[in-house]
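Both complexes shown next keep chain A, but they swap its partner, so chain B is in the first and chain C is in the second.
After this line comes the complex of A and B, so read on.
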């Protein structure tokens, strides 16, 4: 194995490397493994292909989907389209996108019985944990960028770059609207990392890829349901789905960012708790079986 | 710890968290908040509608839209999300006439709302612009958001 040879430059090429390979080496192998999976490549392709199709279909419809925010404006401005898509995606698509790889990345080693093979390499469990976590988060952010980019570009190219009507009825000029739409999609980064951490925790705990992928989506649904109950205004602030709706304030005439700040803190809390749970669970686990 | 204990503790902690936050929480959506959001939103959109119809000489300031809201009649507290908000809007039109209109408002828990205006006063779902095209009437039904602190 020549994993270590490239991580740190050596004085002479023949000098034996005394250092154990770090997270970097484990990370590179996790990325190689992920890139070889059909599922991860397919998801990226889907994230790229689906938005233009949905935008084209919506644009062709006579009746705009006015039951969702910005739905009634889809024919008026190309910037309404990505906001409608964001409101839809927040319901279950974003948790699913976050869970497809993260829910599987630990459990796949159980499924294939490869934990022992992996841990007999000269990397520690901590290295493997961080390598897998960083791979999952990095991949999910890549999917988000592709999905958001495709949606925004499709809206602008298919519908146009007309000014957008804000949530105080004000007209938002094309350039400002683009900046706000990009910012709105960017605000989902924190809750997506939160959902990734949740999927990682479930992946470690359940050792079951199907459960690791499906459970975050179901939990997302339950949170949506809980968040739609009148009277639970404080409870819904602690849910991981609420930060996905915090972008509304950006589109007011006098923008307010209180919900965004709360959402950031809540997402960070979920991420830390879930990652800590996953880490401790993996550290203390008895891996002696297949 | 055995899995059954961990799971039971997790479920109990979640249930306790929901109960505690439900009991300690107060409503983010209030009568005042909705009124403050709805008035300016209507004024902006009314000006937009005037632009489509080719009516000149009005601005959000000259309209002076004022909303007075109530949720579900006198017996229901005027707080929280729900489809049963009614707002009476009063404003001045381009001819200097005082107008009153009843708006039916659905407020969602994420503090966004959908308001539907009286079509006798604000017009139908589509209106004809100065070029003869049918376009969406911005004040027939519109989305908005109620500002909140957190």
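After this line comes the complex of A and C, so read on.
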């Protein structure tokens, strides 16, 4: 084997018109890495395939799952299906969807020892932080859209577009029902971003992808339990899982949006605190591994 | 611009708990120099280079890189600087070329032909479409050099680039570093191997448990090195030792045989004398080179670097 040095390294004279790489460069890099990742593609596929299967199976069952909200209406209206699915998903599926990519995205660099590879180029820790955060949030919203869209479409196609019975027994016309169902799913955007931020924080702090993915799910589960304990009304208000149920008010005779507003504020609070914690932790940290 | 030092470290210190990994390190590397940071494992070489790359923050001291500092310039402190720390790491699921392409993207991008060029330089053409996960250690090491060259650096920082390579890999890596150094690049090379630094570098800082024990040119270091030592095995080591001492050679009894240190003509004379005295010579081997011997004296834990005969830390330039 022979090694030939054919390149004469030139002194770096960064041309003034050549823009300095920043968040954009880091973002492109993250997106390419995410697209190459089997897990991210698999999750998208699952989000696409699972809803129609679940809807079809539920539709075929004689006994509707009447212990969950909208469970006993699933044979009456295709709009009840996505609401039942939403109530189920809120328990642990949505936190898991939020954590699969976000819980890994920082810790994977620790796992591969690649922090030093990234941080010895021209992008700063801040650039990389925002690139990873935006990638994780963007990806999670994409998964949410695919999952929600698939669920709603499956309900309408498999069961039908019959009017929906409201939570106070009123009839909701088909067109209004569709709008409300879409809105109900859209209200999960804020808490999902909150769960994404929580997973990002855990990913930075634990430096362990498995922990970053599993912990938000466990935390979400514990929050569900806490939320169901009677007498903890104040605590319940600040839980990240409560906003996932705030859509119930939309389906009352006189719709109320108070819980939605509170949920939005609580989700924003969690998001800001978790992202600030993750950012400061990444900024200050000694990169000694790898 | 060219009178700006490539690296100017003053009083750099980093502690981990109670351990001082780097202890008031000062060193200056001029542009165009090929500079070695030499020390046994744990001397603090990697810790110093991590500070240089901004991966860890020094507890004390100042560091200018091509005139810039991390505090003032942030990531711009690395403009014109490239290299790697310990073994370079890549994304195992992506190909060598894809890794380079993505890394170049973090510097503003590089054309296909430029990537071909650096792959050629490190002799990885033909393997660039394989996933890095399947690369040998040596190939990853060379990909690390390629990734560094893509930045068109003025200062190339390599942390023990030949570490962990097989003998052929070591030879090739040294040849590559020498060629790069010959092209006018400033090279800062860390190593635990005196022979490597002697072969490649002009100037050296020798570290031991975080502190500098020598600082100056290789030529000046060579002048301070002891004579070449030889190991001899004879049919009568007892008498051979007496004869060697009489010939004013420095003698150390080994478990098996003797180590004698002195000028080559005196060694030659001793060998002739042994034969004349009826003592058969069974083996005569060179021990470590004089510079290596000096390096061990300077850095081995049971020696005191402050001992007068070893107090050879050169004056700072």
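The rule is short, and it goes like this: the second predicted complex is superposed on the first by the 271 of 290 C-alpha atoms of A that agree within 3 Å, B and C clash if a C-alpha of one lies under 4 Å from a C-alpha of the other, contacts with A are read in each partner's own complex, and residues count from 1 in each chain.
Assume a residue touches a chain if its C-beta (ideal position, glycine included) is under 8 Å from a C-beta of that chain, and two chains touch if they have at least 3 such contacts.
In this text the structure is predicted, and so the values were computed from the model without any measurement.
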First, second, both or neither for A:143, with chain B first and chain C second: neither
Which of chain B and chain C A:233 touches, first, second, both or neither: first
First (chain B), second (chain C), both or neither touched by A:252: first
Which of chain B and chain C A:116 touches, first, second, both or neither: second
First, second, both or neither for A:36, with chain B first and chain C second: second
Which superposed partner A:261 touches (first chain B, second chain C, both, neither): first
Footprint overlap on chain A, comparing chain B with chain C: none
In the complex, chain A residues that touch chain C: 1-12, 14, 18-21, 25-26, 28-29, 32-33, 36-37, 112-124, 127, 286-288, 290
In the complex, chain C residues that touch chain A: 50, 53-57, 74-75, 78-80, 82-86, 88-94, 98, 102-103, 105-108, 117-118, 120-123, 147, 149, 151-154, 156, 168, 172, 175-176, 179-180, 182-185
List of chain A residues in touch with chain B within their complex: 66, 69-70, 72-73, 75-76, 165, 167-171, 226-238, 242, 245, 248-249, 251-254, 256, 258-259, 261-262
Chain B residues touching chain A - in the complex, by the definition given at the top: 17-18, 21-22, 24-29, 37, 40-45, 48, 80-82, 108-112, 136, 138, 141-145, 147-150
